[in-house]
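Given below, in the form of structure tokens, are the structures.
Here chain A shows up in two complexes: once beside chain B, once beside chain C.
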Partner chain A sequence: MDIQEYFSLVFTDYTLRTITLGTAILGAVTGMLGSFAVLRKQSLLGDAISHAALPGIAISFLITGAKDSNTLLLGALVSGLIGTFWIRSIITKTHLKSDTALGLILSLFFGFGMLLLTFIQKQPNANQAGLDKYLFGQAATLVESDVWMMAIVTGICLFVLLLFWKEFKILLFDKDYAKTLGFNTNAIDILITSFIVLAIVLGLQTVGVVLMSAMLLAPAAAARQWTNSLAKMVFLAALFGAFSGVFGTAISASQNNLSTGPVIVIVAAVFVFISFVFSPSRGLLFKQIRFIKNRRDLELHKTLAFMYHIAETHENISHPHEVKILNNFHGFTKGTLKKLVEKNYVTLQGSTWSLTNEGFQSASNLYNQLTKQDE
Partner chain B sequence: MSSAQIEIQIIASLVAIACAIPGTFLVLRKMAMISDAISHSILPGIVIGFFITQDLNSPLLILLAAITGVITVVLVEYIQKTGLVKEDTAIGLVFPVLFSIGVIMIAKNANDIHLDIDAVLLGELAFAPFDRLLISGIDVGPKSLWIIGSILIITIALLFAFFKELKLSTFDKGLAASLGFSPVVIHYGLMTVSSITTVGAFDAVGAILVVALMIAPAAAAYLLTTNLKKMLILSIVFGVFSAISGYWFAHWLDASIAGSITTMLGLLFLMVYLFAPSKGIIAVIYREKQQRIEVSLLTFLLHLKNHDDQRERHVNHLNEHINWQKVRSKTVLELAMKNNMILINNNIVSLTPKGDKFTTQAIDYIITNEDAQIEGMKEDFFLFRG
Partner chain C sequence: MKNNIAVQIDDLTVAYNYKPVLWDIDLEIPEGVLMAIVGPNGAGKSTLIKSILGILKPIAGSVTIYGKSYKEQRSLVAYVPQKGSVDWDFPTTALDVVMMGTYGSLGWIKRPRQKEKKAALEALEKVGMLPFKNRQISQLSGGQQQRIFLARALVQDASIYFMDEPFQGVDATTEIAIINILKELRKAGKTVIVVHHDLQTVPEYFDWVTFLNVKKIATGPVKDIFNDDNLTKTYGINYKVSIQE
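Up next is the complex of A and B:
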């Protein structure tokens, strides 16, 4: 199946439609909440939580003995929350730093989860197969009820986000100010963290614990490059997330042997790469162009200023001087001289140059402007 | 105990030691999450190496994977340097992408190779003794024992050779640089050792356990000591203890050895986290409570010193005046009485000479902005702490 075929089938084929919708919704909600995680410098929290959710899945399977994805995800939610709060308590109550706390909870919970999974596999229960889809995710196992579940959770997220928009925003950018205004910062903090945990847990079935953190980060990191406004960033991140989901599903469906999760992550990474390079205000490409342009202007100014200082000492400002007395140190190259001639600041006569009236004026204003700008 | 069991325990212990050494420095340098990133992103290196050699234990595999590990670090640092995103976001972006590339490479060639992602992430220690190293036909022991053994020897040799440099650059980068040790070289050296250890260990214990073995023992040790040498020794002891007890736990439960070693590490950390003297959570909460009461006591004494008026010092008045609840004011009052700081005559509270002296000194410290000194004063004046 190639990509075109995929897009013609996506509206008619039940499985494809479900998976595409599922990954799109998932991408949107993780992108939305991921913006908060990225801005709060909690990027790796997602990684830790997704790993910490594993023992919850195993335990709720051990208790219920059923593979109903909702109860399993409930278990994941509980254990993800326990992990999150343990991380918070390690950071606030001991001198261990956040990276240590994250790495600890991540590896310890995951290892414990693996222990439980292998323990379950040894049990004489035919029902256990397929639990390991939570490790790497299998979008193909999504059914319509899962998508409904995602849609409902996304709706709730959106509602809460809009309801507490002001609180979230102020907590994000100025926690102390929020406190002095009388907001219960702890409660808001817990609320937003819980929603991040919820979004991660939702994605486990689709992209798995290992890659879930990228789903959270990549759209937000890409969106951050295009705007400085929180609302726009959240919207863009949701959009990038949704597109990563759709394109990722399309590519993996059109090839054999491609699991959806990794492809979605790669597509999201492409979004990040494009944003990093091509964003007009922050992107590396335009930054480099601006840098080069500034440097050229500066060199030009340097040459002009040097000429100005020479011309100043003469009564006739257009008195010709040898080109040789200009050197690299003064920002002189053949190019800059040519540019000065083009701007009509300088006239060339054989091996001598002389400043024009116009050039003299703008050179003396050069400094005025600079001092004015400094003020 | 069969010889296979002994060999498994030896391998696990060696891995634990080999991980604990770089892990200690990673935790101290606040780079613990880098080890997680490396452990995931070595996957494409392993896969490419496997394509070339068709052998999971070849040295080329270790080399390639270690290079991928260092590439991860370089990429993270490059992205961070552009200033577009913060360091943690950079880590979180790089390793899932590299990991995804690895997974896709495996998936596209699934028919030709016997390499399982689960095996990379989780390892299977139980099979380690069956892969023997034969030198001219003589069985000299399991391959992974030799691999991890040589990595450990190199790590220990490097540790002894560069201990001073490592210590200095960990705690004072600026001083290290000004004395002429390049922090960059030491940084990348440590990263290379971490990558090689991760790769060498993944085949036996899996990438996730490597992360656990690097961070958990070091974190637990850090809660118990602030001496680098003691911390190194403690984390090695913790690592080996969890490795061996984890093995027997897995044996009893008939489950994944790597998982149960991690679980033992988790329990060990939980114990230290709860009960560590002075830095454990219980000690911290107790101390916080004590300090809260002692600060209240100081406030109370200052209040008494500032007010001569009898009405202000009446017992019944204090409740409403300092705005404390009954229980709290009672604790504070009792503590003050026990320490001979106050006298109560006809329900009027007044400072004793000792209480007066204490308060005067405390005020001196407060107005000269040396509040920290008050802590030392408490030793001299208090018979009972809060």
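Up next is the complex of A and C:
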């Protein structure tokens, strides 16, 4: 199946439609919430939460013996929440920094989860196979009820986000100040963290424990490059996340044997790359172009200013002077001289230059502007 | 004239971990003063403000604002945190930050509307930042960022203002603009409490001063207690400052 075929099938084929919708919704909700994680400088939190969810999946299988995804994800939610609030209390109650606390809980829970998984595999039980799909995710296992679940959670999340928009914003920007205004910052914090945990747990089936944090971070990091407004950033992150989901599914469906989760993450990474290079205000490319252009303008102005000083001393401002008297020290290069001629500020005759009226005017204005700026 | 007590602090002790940062502070701040809190680094100046505002939980002691707890008197108090305490690359505009000053009176869930926006614009005007209202905050200079923080507190329309080093890292123009606003606030009968570092400007800017170094060294009118004796007690070295009369 090629990509074209995929897009013609996506509306009719049940499996393709389910998976595409599922990954799109997942991308949107993680992108949305990821913006908050990124702005709080808690990028690693997503990684810690997804790893912390693993033992929950194993334990809930051990207790119920069922492989129903909702039951397993409920276990994941509980252990994800335990891990997250453990991290919070380590940070507030000990001297440990947040990266240490995150790393500690991440490896501890993941290690415990892996231990339980190997234990389960040794059990004489035919039903055990397939739990390890939660490590890297398997989008093909999504069914319609899973997608409904994701849609409902996304809807609730959106509602809460709109309702407490102002509170979330002030918590992110200035927590202490929010406290003095009378907001219960702990409650807002717990609310938003719980939603992040919920979104991550929802994605475990599709993208898996190991790669889930990329779904949280990549769309948000890409979105930050394009806007200076929080609302637009959250919206863009949701959009990038959803597109990553759709394109990732399309690519993996059209190329046999490519697993969906990693492809989605790669697509999201492409969004990040493009945003980091090509964003007009923060992108590397335009930054470099602006830098070079500024440098050229300065060279030009410097040369023009030097010429102005010389011309000023003569009665006739168009009195010709030798090119030789200009040098690098005054920002002079052959290029700058050519540019000045092009702009009709200077005329060249053999090895002499003379300032035009226009050049004199603009140089004197330039000079005024510069001194004004200095004041 | 100054018989009302705006802020009363009794036996306040605050500690991070084991080491006390503030020890047994008793302090009365009269209404209508423009007060500087001075002391060396680590003297607990910011901690004192944060404890009054309920951001930090003291180990012992009590703080009252006009005789009642901070919780009850919240609407009377505005706060200007240290500029460095927030991430200025946060995706928002100057106007938006100033609007945050209205969030307290709005309470939960309610959104700011025209009335709040008008108040924010007026505050921006007062600090001379109106032309920058739609500017992304990372593109403002340090002095402009400080003025935005000041405008955010002005929007709160409080009776008591707490400011944590509002003159830190600002140029001379901004410093003059800020001190003029502070003096206007005092003229309007407000109480202004400022953590301050530049001892030279204390007599010029303030009429009340508190010396702090873990313990309270002295508090009172600048003309009575701002002298070499108290400075030496606070800073621990032989401090000489020429006081302009």
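By definition in this document, the second predicted complex is superposed on the first by the 369 of 375 C-alpha atoms of A that agree within 3 Å, B and C clash if a C-alpha of one lies under 4 Å from a C-alpha of the other, contacts with A are read in each partner's own complex, and residues count from 1 in each chain.
Assume a contact is a pair of C-beta atoms (placed from the backbone, for glycine too) under 8 Å apart; a residue touches a chain by one contact, two chains touch by 3 or more.
In this text the structure is predicted, and so the values were computed from the model without any measurement.
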| item | value |
| --- | --- |
| Partners on chain A (chain B, chain C) - clash or fit | clash |
| Partner chain(s) touched by A:S259 [first = chain B, second = chain C, both, neither] | first |
| Touching partner for A:H319 - first (chain B), second (chain C), both, neither | neither |
| Chain B versus chain C as contact partner of A:R224, first or second or both or neither | both |
| Chain B versus chain C as contact partner of A:L135, first or second or both or neither | first |
| Touching partner for A:K338 - first (chain B), second (chain C), both, neither | neither |
| Partner chain(s) touched by A:G103 [first = chain B, second = chain C, both, neither] | first |
| First (chain B), second (chain C), both or neither touched by A:K293 | neither |
| Contacts of A:M114 with chain B and chain C, given as first, second, both or neither | first |
| Contact residues common to both interfaces of chain A (with chain B and with chain C) | 41, 95, 224 |
| Touching residues (chain side chain A, partner chain B) in the complex | 38, 41-44, 46-47, 51, 89-90, 93-97, 99-100, 102-104, 106-119, 122, 132, 135-136, 210-211, 213-214, 216-218, 221, 224-225, 257-259, 261-263, 265-266, 269, 272, 276, 282, 284 |
| Chain A partner contacts - residues on chain B that touch it in the complex | 27, 30-33, 35-36, 40, 79, 82, 84-86, 88-89, 91-93, 96-97, 99-101, 103-104, 107-108, 110, 117-118, 121-122, 208-209, 211-212, 214-216, 218-219, 222-223, 250, 253-256, 258-263, 265-266, 269, 273, 279-281, 284-285 |
| Sites on chain A touched by chain C in the complex | 39, 41, 95, 163-167, 169-170, 172-174, 176-183, 224, 227-230, 232-233 |
| Complex contact set, residues of chain C against chain A | 17, 50, 53-55, 71, 74, 77, 79, 81, 85-87, 90-93, 97, 100, 103-104, 106-109, 111-112, 136, 138, 152 |
